[in-house]
Amino acid sequence: MAEVKTVQECASMVADGASVMVGGFLGVGAPLQMIDQLVANGTKELTLISVVGSYPGGGFDIGKLTAGKQVKKFIGAHIGTDPALVSGYNTGEIDVEFNPMGTFIERIRAAGAGLGAVVTPVGIGTEVEENASKQSFYGKDYLVFPPLGADFAIIKAKKADHYGNLCYDGTSMNTNTTMATAGKVVIAEVDEIVEVGTLAPNEIGTPGIFVDYIVKGFSTDERKAIFGEIWQKGNKLK
Amino acid sequence: MNSREIIARRIAQEFNDGEVVNLGFGMPTMAANYIPNGINVILQTENGGLRFGGAPKAGEQNPDLGNAGGEPITMLPGGSAFDLAFSFCIIRGGHVDATVLGALEVDQNGNIANWKIPGKFVPGMGGGMDLLVGAKKVVAALAHTDKAGNSKVLKSCTLPLSAAGVVKRIITDKAVFNVSSKGLELIEIAPGLTEADVKAATEADYQVATNVKTMTF
Amino acid sequence: MAEVKTVQECASMVADGASVMVGGFLGVGAPLQMIDQLVANGTKELTLISVVGSYPGGGFDIGKLTAGKQVKKFIGAHIGTDPALVSGYNTGEIDVEFNPMGTFIERIRAAGAGLGAVVTPVGIGTEVEENASKQSFYGKDYLVFPPLGADFAIIKAKKADHYGNLCYDGTSMNTNTTMATAGKVVIAEVDEIVEVGTLAPNEIGTPGIFVDYIVKGFSTDERKAIFGEIWQKGNKLK
Amino acid sequence: MNSREIIARRIAQEFNDGEVVNLGFGMPTMAANYIPNGINVILQTENGGLRFGGAPKAGEQNPDLGNAGGEPITMLPGGSAFDLAFSFCIIRGGHVDATVLGALEVDQNGNIANWKIPGKFVPGMGGGMDLLVGAKKVVAALAHTDKAGNSKVLKSCTLPLSAAGVVKRIITDKAVFNVSSKGLELIEIAPGLTEADVKAATEADYQVATNVKTMTF
C-alpha cells in the first residue's frame, strides 16, 4: 500500500550508486519533479535505465541528470537526442548498454513478472549478439537476455488514489506501467491525488500493490504549459 | 523536386488501403503527406499509439500525447494508446504490415545498417531493429550515394548491421529495387536518368526488370 | 481492419480439425453465441485452447462443445469444472495438455508478441517438466515452453467500434486481450457495436488492427439475465 | 467447531495488515470471514482482479465480474481489474505476499501435492503452481489425516507434486507446523489434543517448538 511523501523525502532515498529506472519517452510521461530533485541532491554514480535519452536537445527531463554528470551507466535503446549522454558515451565517462527497444521493455517486464529470460529474434546477425547468448529454440535462432530490474523505479502517472492505484493518459504510459513492476522501491509522481473509489476498476493501469510512494508533481495544467513552451520553442506546434 | 522529396513521394506509393504502417523519422515521415487519396493507412508510433494525427495548435497540446520523436500529436477518431510492452508486441509480433526506415547503407543481401557509425555517431537502434525483424514488409529509404558520390547500395554493408536479410524494397533518389533471395532487381529509375546512370552510381550487383519503369509521382 | 459479420458467417469459417482459442474464464468473458453456433454447426475434431474448462457443472459456455464431443484436444490449465471434459480425458477420447495458468497465458502472449519461448520457474520439480525442456539461465533452473498460437481466436469484448477496436469491462478481459494477438483469424463477439470515435484512446483494450471480424452477440442486459439465472441456480447470489 | 472451521479460523490469523493475499478455494476462501478486525488484506483473484468483495444481490450481478471459481463478485472501492497475463505477472513476479492453498498431501521437505490423483481425479493445476512458486509465503491447509486416519503430513509426498520445497507453514485441524530447511517444527496443537495425539496422526518427522502453543480462535 502506497504512502504519500514529498519529492524531497523520496529523492533522498536514492543513494549514490543506485540503479534507477525512470519512466517516460523523450519527456512525455517523465517524472519531472523527481528528476529535478535528484539533480538538486546531486545524487551521483547512478545507473540510469530509461528507454531513450532526454527530450531532443537535452537539458530537460533526464537530460538534466546526464548534463550534471550524475550518470555512470545508461541502459536503454537510444541516446542520440541527448548531447550530454552522447558526449559521455564518446568520452567513455558513461558506460552505455544498448538494447533494441522491444528487448529493453521485455527485459523489464520479465523482471517484474518472474520470468527467467527474454527470447527474441531481434538483433540476430548484429552486434547486439555480443550482449546476449544465441540459442536455437524450436528450430529457429534467438537471442537470450536476462531480466532487468532496478533498486528504484521512478515513474509518472496522471492520477493516483490513496491506495497507490495509478491511471495514465495518452501515450504517457510508455515505460511507466512496466517499470512499476520491476523496481525494488517504486515511486510514482502524479498530477493529482484522488480519493479511493474515484478510479474505475478498468481505468487503473497500475494497481496500488506495486506502488510504495506517491509524490505530487506538477498539475496537468502546469505540465501543459511546460510542454507548450518546449514544443513551441522547437516549432512543433501548429 | 529535391532528392528528399523524390524519395518521400515514392515511399508514399508503397501502401495498400488499411495497412498498419510505421514510418521512421525524416523522409519516411514526410511520405505521410503524399499518400494517394483513397489509401488510408493506420499509422503506428512505437512509443504507444495507433491512428494518430499531426501536431495540435499551440494551446491545444496534451502533455501526455507525443510521438516517437517527442513531438506533440493528436489522436484521430478510433485512435488508441497503450504501453511500450504492448507496442512492441504489435511490432515484433508481425502485426505491422509495412515499415519504412531511413538507412545509412543497404546491400544486395537485404541487409541494412542504420544505427551506428563506429567512432563517429552512435545514437542507438531505438525501435528500429524490432521493426526490421517484425514488420511484414521492410522498405529502406536512402540517398543513392553519399556526398562524395560513393554508392550506399552495396554488395555488402560496411557499417554495423541493424538487421540481416530483411529489406524487401530499396527506394533512393535514383532508383527503386526489389530485394529477394535472388538479389536486387531494378524496377524503377528516376525521371531523367538512364539505366547507365544507375549502374554508375551503384556498387551492388542487380538484375534489371524486364518492365523497368520511370518513377512517377 | 475489422468487418462486421453474422455469427453464422464467422462460425462457418471454422473447419473440422481447426485449432481454436476461446476467450473467457468459467463463462465470464466467453463468446457465448459463437460457441452456440459451433455447436449448431457440429464442427468436429477441434483443438480447443481455453484457460479452464466450462462454467462449473458443464453444459454452458465451452461445456457445450465438450458435451457434443466436438473436441479432440484440449490445451489449458484446469478441466475439473467440466464433467464432459473430465470424462473425455479419463476415457482417452480427449487429449488434454495441462499448462500452469501463468505459463498458458504467457505462451499465447509469446505467440502474439513474436517471442521465441517462455522461460518460467513454475513447474520445476513436477510432472510439468515432462512437457518442457529444463534449462539453466543465469544460474537458476527454468522450464522452457514454445509459443502457443491458433488458427482462430474467438474472443469476447463488451463493445467494438467499426474499426474493430475493443473495450472490456471488469474481469472479462481475462484471456481475451492476449488471445486477440495470437489467432491467425480473430473473431470478436461483442454486446454492442458503436461508432468510431466513441471509445477513448486509453479505453481500448484491443486495437482494431488485431480483429478480423466482429459479431454482435447478446446485449449486456441479455447477458446479465443469462448469468443471473445460472448464478441464481448455483446459489451464488445474495 | 468442525475440522474445516478450525482450519479456516486458524488460516485467518496468518495475515498482516495491507498484505496482498490469494486464497484457494474451500477452507482458504472461508478464512476470509474470520480475518481479525484491524487486519485488512488485499484479495487477489487469479482471473484478474484486486480488492474484490463478496457476491452481489440477485439483480445486481455484473456478467463481466467473476472470481476464479466462476462466481459473481463485487469490486470494493479502489479495486482494479486486468487481464490474465498481468494477473500472472503479479503472481509469478513475487507481488503476492501470501497464498493459502488446499492440499492433498504435504511433506517435511516443503513439498505440496494438490492437482492430481492419477487414474482417479485430475482437475489440473490451474493457477496453483504459479502461486506456489511466486507468492512470498505459502501456507498449505489440509485435514491432518484422510478418512481412514492415514497421515497427509508425510515424510515424502506420494502424489504428483504441485511444487517442490515451497511450503512455509502447514495448517491442519490438529496442528500447525513451520517448514524450513531444517524440516518441520510443531508450533501449535489443536485444543483438546496432546502432542502424543499429533505424533500418532503424523507420518512426517518433526521437531517440537520449545514454546508450542494451543491453537486459539
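Per-chain numbering from 1; labels A, B, C and D assigned in written order.
Criterion: a contact is a pair of C-beta atoms (placed from the backbone, for glycine too) under 8 Å apart; a residue touches a chain by one contact, two chains touch by 3 or more.
Note that the structure is predicted; figures quoted are calculated from it, not measured.
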| item | value |
| --- | --- |
| Pair joined by the larger number of C-beta contacts - A-B, A-D | A-B |
| Inter-centroid spacing, subunit B versus subunit A (mean Cα positions, whole Å) | 28 |
| Gap in Å, rounded to a whole number, between the CA centres of subunit D and subunit B | 55 |
| Between subunit C and subunit A, distance of the C-alpha-averaged centres to the nearest whole Å | 33 |
| Geometric centre distance via CA averages, subunit D-subunit A, whole Å | 37 |
| Per-residue overlap in subunit D, given as positions that touch at least 2 other chains | 49, 75, 81-82, 88, 91-92, 133-134 |
| For subunit A, residues that touch 2 or more chains besides their own | 106, 109, 113-115, 120-121, 168-170, 173, 201-202 |
| Chains grouped in pairs wherever the two touch, ordered by label | A-B, A-C, A-D, B-C, C-D |
| Subunit C-touching residues of subunit A, taken from the complex the two chains share | 106, 110, 113-121, 137-138, 140, 142, 144, 146, 168-170, 173, 201-202 |
| Subunit C residues touching subunit B - in the complex, by the definition given at the top | 1, 109, 111-115, 161, 163, 165, 181, 196-197, 199, 201-202, 204, 207-210 |
| Contact footprint of subunit C on subunit D as seen in their complex | 45-49, 54-59, 61-73, 75, 81-85, 88, 91-92, 111, 116, 121-130, 133-134, 160-165 |
| Sites on subunit C touched by subunit D in the complex | 25-29, 51-52, 55-56, 76-81, 86, 89-90, 96, 98, 100-103, 105-106, 109, 120-128, 158, 168-178, 205, 220, 223-224, 226-228, 231-232, 234, 236-238 |
| Footprint of subunit A on subunit D - complex, ascending | 18, 20, 42, 49-51, 75, 77-82, 88-95, 133-134 |
